[in-house]
Every structure is written in C-alpha cells, then in structure tokens.
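Chains: A, B, C and D, in written order; residue numbering restarts at 1 for each.
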C-alpha cells in the first residue's frame, strides 16, 4: 500500500455534481439533455491513487473533464461543486474565472487525455512543447532554468535524453504516452487526472506505464485519479476504486473491499464476469444494452438488467450508504 | 543519403516525364486535327484580297511547310522538332519575322515571372493568414463577412476581375495606366522600380484578389478541420494562450497542405497571369501569346507552350523538394 | 512444422509478407509476417495472440485472400489459397467467412443490413428465391438470438455494437462455412455484452463442427474461447500448442513476459518487480536473429544473430512447438 | 402520393438546409429559365447584326438592357449567350469528369503499373498550363467550332484533377471493411463499385460537376478574349469580345460590357454556392446524422458519441 490511509485530509471533493450534454436533434430542434454525470459526490484523499471504473458510455470521461474544469458546450454543469483543498485555501474550480483557472491548471491539477498517443503537436519538438507549458504556468519563467527542469524531470522518469530533441512521430506509442505523463507532472501539481492512460497500449508497455504512474505518485507525493474500464488496471495500482454506471456512482471504497467483498451487483458482475487465464468456467453476460442517458430508467438505473431486481428497484432510487468504514454502495439489497 | 535517394530522385524522374509528355502532347495534338496551319495562313492572307498565281502559291506553301516544320512524316517532324527544341530553337516567329521565337519568349518571360511570383506570394500569404484566423474564430461576424467576400471573389475568372478593376481604377477613378509596362529600359534605379510597380499594380492586383479568395477559402476549410484535432484540444486543455494555439498549433499544421496546394495551383495561376497580361497588354508571355494567336504565328505559340510547361513543372518540382524542409515528418523518413 | 494432413483444415506453410516503406524504388523493408508455418485443427478454435504489430491481423488478411503473401502458401482442404481463381475462389469464399473487429465498419453505413444477409444466401446458391433466402437468413439469425424483423430494413447505426456484431456473425453463417476467421470480434464491444458473443462463437464449434481462427491481443478471452493457441511476436510464431499448456506454463520467454504483465483483477496479486521497457521499439523488426532477443532476459549472442529453430516439445495432444535457442538447448 | 412524400420532404430539408443553398438555387433556376425558356421568345435571331438601332442605352420601354454598336438587342443576345455557355459548360464538365472519373476508378481499383501510368498522365495534364494548350487547339479547329467541340476541347484539358480525386477515394474505400464484407457476400466488382461506393463518391461528383461548369464557362470566355471562340455563335465570351473590339468601355456604352461580365459573375457565383451547398448536404457525415435523427425518434445514436 502506498500511504497509510489514516492521513485522511482530502484534496478534492465533489458535492452533488450534475454534468449534462445539451443536444439538439435536427428535426424538431427539441433540446435533449444527456445526463452523463448525475448527482455524483466523491472525495479523493491526498497522496492516493483513486480509480474510476465503468464501461464505455457510463460518463466516467465526462466526470474526468468536469473534475479538471474543462467544460465546453455542449457539456454544461447543471448543479454541484468541485472543491480543491490546497495548502491553506479551498477553490471551487467551477466558479473561478478564466485567468484563475489557468493558474490552477498544471499547478494544482493537470490532465492526461484519452488516446494520448496523438495529442502531441506533430510539427513541434518535444522540448518546445514542454517549454510552452512551463512558460504559461510558471510565474517567473526563465528559459535556462526551465530547460534544466525538463532534463531533470525526464531523467527522473527514466526516459532517454534524446526524446526531448525528437518529433512525436519519431517515437513509439508507448514512448509518446510516457512523454505526455511527464508533461502533465513537470510542475509538481497536487492532483493528476489520467483518462484511460493505457487503453491503446500493449500489455507489456501498459505494465511499464502503470509502474511509472506509481513511481511518480511516490516521488512527487501527488494524488492521481485514473479512469479506465479495465478492472485489472484498478486492481494493480489503485488504493480506492469508484464504480460508475449510467452517470452514477454505484460503489466506492478501498480496493481490497471493492474487489474482495463487492456490495453492488453491477460491481460484482464487472469483477467476476470477465474471463481470466486459468478459469474455464462458463461466464454469463447480463442481457440488454447500456441504458439511454437521455431518458434514464426510473428507480435504480441497473434495474432493467439486474438479476436481483425487486419491485422497489423499479420505482425508487437506492440511497448511497456507508456500509463499512470508507466503503459506500447504493443498492436496495443493502436496505 | 537515403532521403535523397528515396525522395529526390523519384521527383526528378516524374519532372522529366511530365515535361516530355507535355511537350509531346502539345506537339502531336494540333497535328492530329484535320486542318493544315499552312492552308489556314494562306486563306488568311488571301482574305485581304491578295491574289497569287499557282506556282508562287506552290512555292509559298513549300517554304511555309519548311518554316512550320511540317515536312516529312509525323515521326520525322517530331524527331527534328525535339532536336531543335533542345537547343532552344523553335524556328523563326512569323509575326515578327525573322526574330527567333525563343528570343521573343525569353524577353517576355522575366515580366511574367516577376508579375506571377509577386502576386502569388502576396495572395498566398495574405489569403492563408486571414483564412486561418477567420477559420479559427469561425463564429465571429468579421470572419463571416470575410468569408462572404472571398466566396464572391474566388469564382470570378481572372480576366473578369481584370476588366472590373480596369473599368473602376482606370476609367471611373483614373489613377492607374490602362496598359503597358514601364516606358523606361530596365535598370535597378529607384525611378525604374517605381514606374514598374506603378504599371504592374493593376495586373497583379487582379491576380492577388482572385488568388486571395482561393487561398482564404481552402485555408479556412483546412483550419476548421485542424482545430478539431486532438493535439489542438490538448493545447487548450494545457491552458496555452490563444495566440500560441492559433499560430503554433493550428496555422502551422494547416499550412503544410497549402504548400502542396500551391504546386497544384501553379498551372492555373500561370494561365491566369497570361490572360491578365493580355487584358492589360502587359508585355509578359500572355501578351506575346495574344499577338502570336492573332497572327497565326505557329512557331511562337509552340515556343510559348513549351516554355510554360517547363516553367510550371520546374516550379512544382522546386516546391516538392522544399517541402521536406518544412514538414518534419517527411524529413525524418 | 510437421505436416498434419488429415486433422488440419488449414495449413499455413512458410508464409512471409514483406511491406515496402518509403519511396517508389528504394524504400526500406519490414517483414510483417516472417516464415510462419501453422496448422488450424479441424473443428478446433485456434487463437492467434500477439501485441499490435505482431503480424496477426496481416496473417488473417492473407488467409482470407485480401493480401498477397510475398512467399509461401496456404492450403485450405485441397486448395492453395494464394492461387485461387473462378469456381474454386467462389467455393473458398463460401466456406471461409470473416468476422471483423468494428461492427460499424463491417457494414456500409448507407446500405441496409439485410442486403448482405440476403446477398450471401442468393449469390452462393444457398437459396433460389428471395423467400427461400429469407428463411435461410432467419435460421442463422436464430443462432445469434435475433429474429428477421429486428434486422429488416434497418441501417447499421440503428443497432447497438453488440447487436450489430451478432448480425455480422449471422451473415457469416448464412453460407454454412467450414472455417471462420474472427479478427478481434469483441474488442470493440462493451464488457456486459461481450460474453454473449464469445459464448455464441464457442457454441458454433460444438453445434456445427466449425473451425475458428480467433485473433486477439487479449489472453484472457483467448484462454476462455480456444482449444489451441499460437503466440506471435514481430511477425514470428514463437510458441504454439494446446491453450492449457501454453498459457498455464509457457516456455518461451516472450509468452512468459506476456502472462506476467497481465493485470490480474485481484489486489493481492500485484506486480512486485519493475520491468525495464525497451528504449525505442522500432528497431526490433530489423534484428536478424530472434525478434525478442533485444528484450529477452536470457538472450545471448546466438539469439541476436541467427534465427532460432522450431523445436517440438512433447505434449498430450502431440502439438507443441517453440522457436527459441534456450528452449531448444534445454529441451524443456 | 406517399412515394412522392419522401423525396419532396428530402428536397424541403435540402432547400432549408442553409441560407446559402436557398439563394444559390434561386440564382441557378433564374439563369436556366433565362437561358432555356425566355430565349425562345426572342422576336428575331439576336445574333444577327443590325436588327436593332445602335448604341441605345437601357430603357424601360424598348430595350431593357440597351443595344450594341453592331445593332444587337443586348437582352435577347444575353439569353442566347447564357444558353450556349451553359451547354458548353455542361459538356466540358461532364465529359472531363467522366474521363477522369473512369480512369480514377480503374487506377484506384487496379493499382500496380496501370495506376502509375494513369497517374503520371493525369499529373501531366494538371501541371500543364491549360491556356496555351487551349489556344493552340482552338486555332487549329477555328472554323468548325461549335459548342460541343469547344466542350470536348475543354474536357480534354481538364480531366487531370478528377483522376486524382476519384482514385484516392476508391483507394480509401477499398481499405474499408465493408468492401470485404461485400466480397465475402458474393457481390462482384461491378456491383461493389455501383452500389457500395456510389453513395460515398456521389457527393464529390455532384459538387464537382457543378463547380466544373464554372471552369468550362471561364475557359470559353478566355478563348473569346483571344478571339478564338466561335464569334458568330452567341456566347458570353463572344459578347465580351465584340464589346472589347468596339471599345464599349471607352465610348461610354457601359451596358454592353457590363451585361456579359455581370452575367458571368452571377452564373459563376450561383453555381459555386450551389456546389458548396450540395457537397455539404450530401457529405457522408451530416447525411448519416440526418438519417439517424430522422428515423429514430429516440436519439439513441447521439448518446453513443458522448462517452
């Protein structure tokens, strides 16, 4: 385990966060709201790796963008707040103006986007892309000093020195991924949000990247929020895991509890249903398809596909209770 | 060096092939048509009431055939045409007899080249830059206004723009000369340059205005796609200032296809400049072509066609070779 | 590889595919598939496993006749696939059907889906008339738990990923194929419906004695679905045999590394040691010897320079090979 | 009636798709009406000289567009010229597009040596400066020049670009998975090109057909300025030629030069905006979105694009 969990001061908390997409249909022009993130309240402890799991279309990427404060139409925050507790002050990233937001970015929170294999500017050397970031976010920017920081940071992360002078297309996918991670952590920020950091990578390279993330967390003592659908990745590096389904958090807790003793049927399905080398037992799949986020089903959103569905599940939404220390779940079975 | 071997040599081979095919096509096509240029020329003369007795007519036809290089079979004509063409000899010009066609062309070429390069560079830079900015700030009103202007200007053919400019700027507000280049002989004196510019403004203006429309619209189109690229969004996520995003991310990556666009458009721009010269009687290749056409000067026409093909394909190959210096991806390969 | 005449429906015999990169005449060469010989057992599921760039998709494209191999041949029953023409080519396309990775790319977005279902039935003379074709199509749709009216007059975008992939499987079944080539059929499907498709594929082997080549980068689904497995690295088959043997006690260092890097969904089984990642992986194609030698912990000079031989290892089913100098020496 | 409802509703959506399209459709329709309908009502053959008093300025009662120095009624002459120029434009555009399109298809689908030869030939014609070639060719056939021959000459010089565009489209379509699905569903090459590829290639062909009309009209006017167009036949180019010959501008007969020049700009603008609108409307992405939202009342498909 990385840090002992007793140091419980939080670095990030969201209260009742609702982030919807406003989508116009062509025909009648009637606006439809896609409830991508629907009333989510989570807390992230300082110095931990927090995993957010869920299938594609469950809204975890939207949550990642909202946490970082990257909200552009058609996405809009309908309700709730996102509070960053740094040193002495607490900032709600959703309320700050553009300039303040720019200061917060890369100093308090930085972001590693999905498919980071092609987010580097193809016609700009890696070094210049680093310099751009440092110049924008560091108060007293000074070229030589910045160059020194880059080289030190690159060495620390075990990347070869000649990476800085090459262009993105000269590097392999895995190497570009590591450069993006280095880019996000060059200014020692408090929280790093990584959206699907290893999805497009091979198994061996993925392991290298995950171990790099753990090394960074230990060295910079920062907090990392990793978002991925791969439960194996969460089991390997996360301290705590939150499982999302159709825009809501259905379970959240320490990784041993969530994997060892999952309370919510969907979490249990996510962990147990997937095939694993050495286990030939027949795996079933839940019927139906992920629910529409435009008109989410009434009551518990998993009810149309849940094997333990009860009458109450179809009518009222289950509460979100703490069943065990720091282990939350929402399901009527827990009643 | 691998890059030279892999990138340069194929370009040179296509360059030679294009010129060869171009010249062959321009040589063979007119000869395929059922008409005989000599008979055409004779008819034109006889139109002015000139009467020739049969043998002198026969003699004239013989010598005309010699002058036009129409002796012998198609293949023989072709072979000795090539042999002479390589040395730059296209036979004498009929309209300005006995001056060799090549001299006329070499005198006119620099005018065309200067007019062409001047206006192409200006319209390329202005069109691309404004197009890029308008593409990036799509929604703004001034961007929409610029787009409408470009949409109106772009499809207008060169000579129509030339006529419009001529009407407005020489007739309605007579501040520019209606025709001709500079009356002084070419020298690098300030006075000559001022006079040259004074005369070249209108022709190049019509080229620039139409050219601007093309580059503006194509750049705005490319930028509207580039600004949705992932690396641009990541630049914004990193909170880089708008200016850096616009210049170093969007415009820099959108300019690359515009360079290849330039080499493709060169053929068209070249023809466009020729028409403008004809309308403004600017002493470039276009004007010489106009006179050669009105007098049915076959040799001069062949010389102009050959030189234009060489000029355009050389510029295209030059651009292709310059391209790797600009786009790092090619250079690495 | 030993010639397995009777029990193999498909024999890949020393296939190589070299891609030319770069200019018109002088480009550099890359062996995407490098002297691969492999047999697909009759009524067996063989999974082709490897990372991206291992050549597994290129090999599958060569089997389906979409790409010309540079050298070597492939025998399907008695036909040499690389030289098929006319009637034989038609028979091949009837009996060997593909299933692609992205269901939304498998169907032309502007065409209705049933065009391909009915088209397969009619053009391979499975059905004489449209009504007969419709009956045959309903039968194959039934296998994937879909009915004809669900499919009729529908555009591809009107289905969810899982449904459309099932339609794609049904289309492949219309011509009663003997061999299915499934290229990453479930990698684009979300987890909850993925299992239903894997179960359908396994069902085909039992109910219709069909052989399947299952191409994937995901070892877990390969273990679940297949009987035999071939592990590919940079264009070569480094180890192949029964899935039980290969995945529970792998012999080749590369297979061992693959299994070690699989993220177990169990917090108790976390990786203990750090692994060293190769600097710039691009050069691996050009190694003369074993393609994995640059990253292999027990590689020596011999591994770097010359190609390792294929050594047979004893096994219950008598079908187990490995391509590695160390294993050849120690005769594991 | 129901069968008619769908295309009509599709047309309605197209017309209201964008302000640009509506304007361009009105412009093009008015041009076609003028050229092919109104011109038949000309009281006499406007091309013949001295059929109207000379140099009359435009007046509302007799000559709405005025008359020329060679005794022609500008308005009726204009309607004739529009028709000829449009015929010429369509022939030049279609023939060139057909040659280039077919060669592009062959090059894209066949590949190998045939592709290299076709491409090199095509590239030559792209690089070749069109004007001198055009002039060279038309001096040769000056006497028998009619609209169709002129159209063919223009087509012979402008087939280069479509080869490249169609070839790259076919290349990318050939790599798409649904091509293999079609092959394994037993469809032959012709069927694949005809019914699988056309919905993807159609938008470009439609838009390019319209914009190439502009190019053909433009080339004819260029020829006319050099006095090489068929001067007896009435086209927009020849109107400008005679206006220039008689220095209409310097002698203040502005309406004689302005009518053809203005009409060329009007036609070229109308067709250009129409081609842009057609390309945008038929563009696969927007079409898919329209099909998706039209049919499914639910906007299920819209969800999937939003993680």
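The working rule: contacts are C-beta pairs under 8 Å (C-beta built on N, C-alpha and C of every residue); 3 or more make two chains touch, one makes a residue touch a chain.
Quick caveat, the model's predicted, so the values are computed rather than measured.
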Per mean C-alpha coordinates, the chain lying farthest from subunit C is B
Quick check: more C-beta contact pairs in A-B or A-C?
A-C
Subunit B to subunit C, mean C-alpha position gap in Å, rounds to 54
Taking each chain's centre as the mean of its CA atoms, subunit A sits from subunit C at a distance in Å of 33
Which integer distance in Å separates the CA centroid of subunit A from that of subunit D?
53
Sequence positions of subunit D contacting 2 or more other chains
none
Among the residues of subunit C, which are close enough to touch at least two other chains?
none
Name the residues of subunit A that each touch 2 or more other chains.
56-57
Seen from subunit D, its contact residues with subunit C in the complex are 176-178, 180-187, 195-196, 199-200, 284, 287-288, 291-292, 295-296, 301
How about subunit D: which of its residues touch subunit B in the complex?
120-121, 123-124, 126-133, 135-137, 139-143, 214, 218, 221-222, 225-228, 240, 249-250, 254, 257, 261, 264-265, 268-269, 271-273, 276
In their shared complex, subunit B is touched by residues of subunit A numbered 68, 70, 101-102, 105-106, 111, 113, 115, 118-124, 132-133, 136-137, 167, 169-170, 183
Residue set of subunit B touching subunit D in the complex reads 14, 17-18, 21-22, 25-26, 29-30, 33, 35, 37, 40, 151-152, 154-157, 159-160, 163-164, 166-167, 171, 264, 266-268, 270-271, 274-275, 278-279, 286, 289-290, 293-294, 296, 301-302, 304-305, 308-309, 312-313, 316
List of subunit C residues in touch with subunit A within their complex:
51-52, 160, 162-163, 190-196, 198-199, 217, 219-221, 223-225, 247-248, 257-259, 261-271, 274-275, 277, 279-282
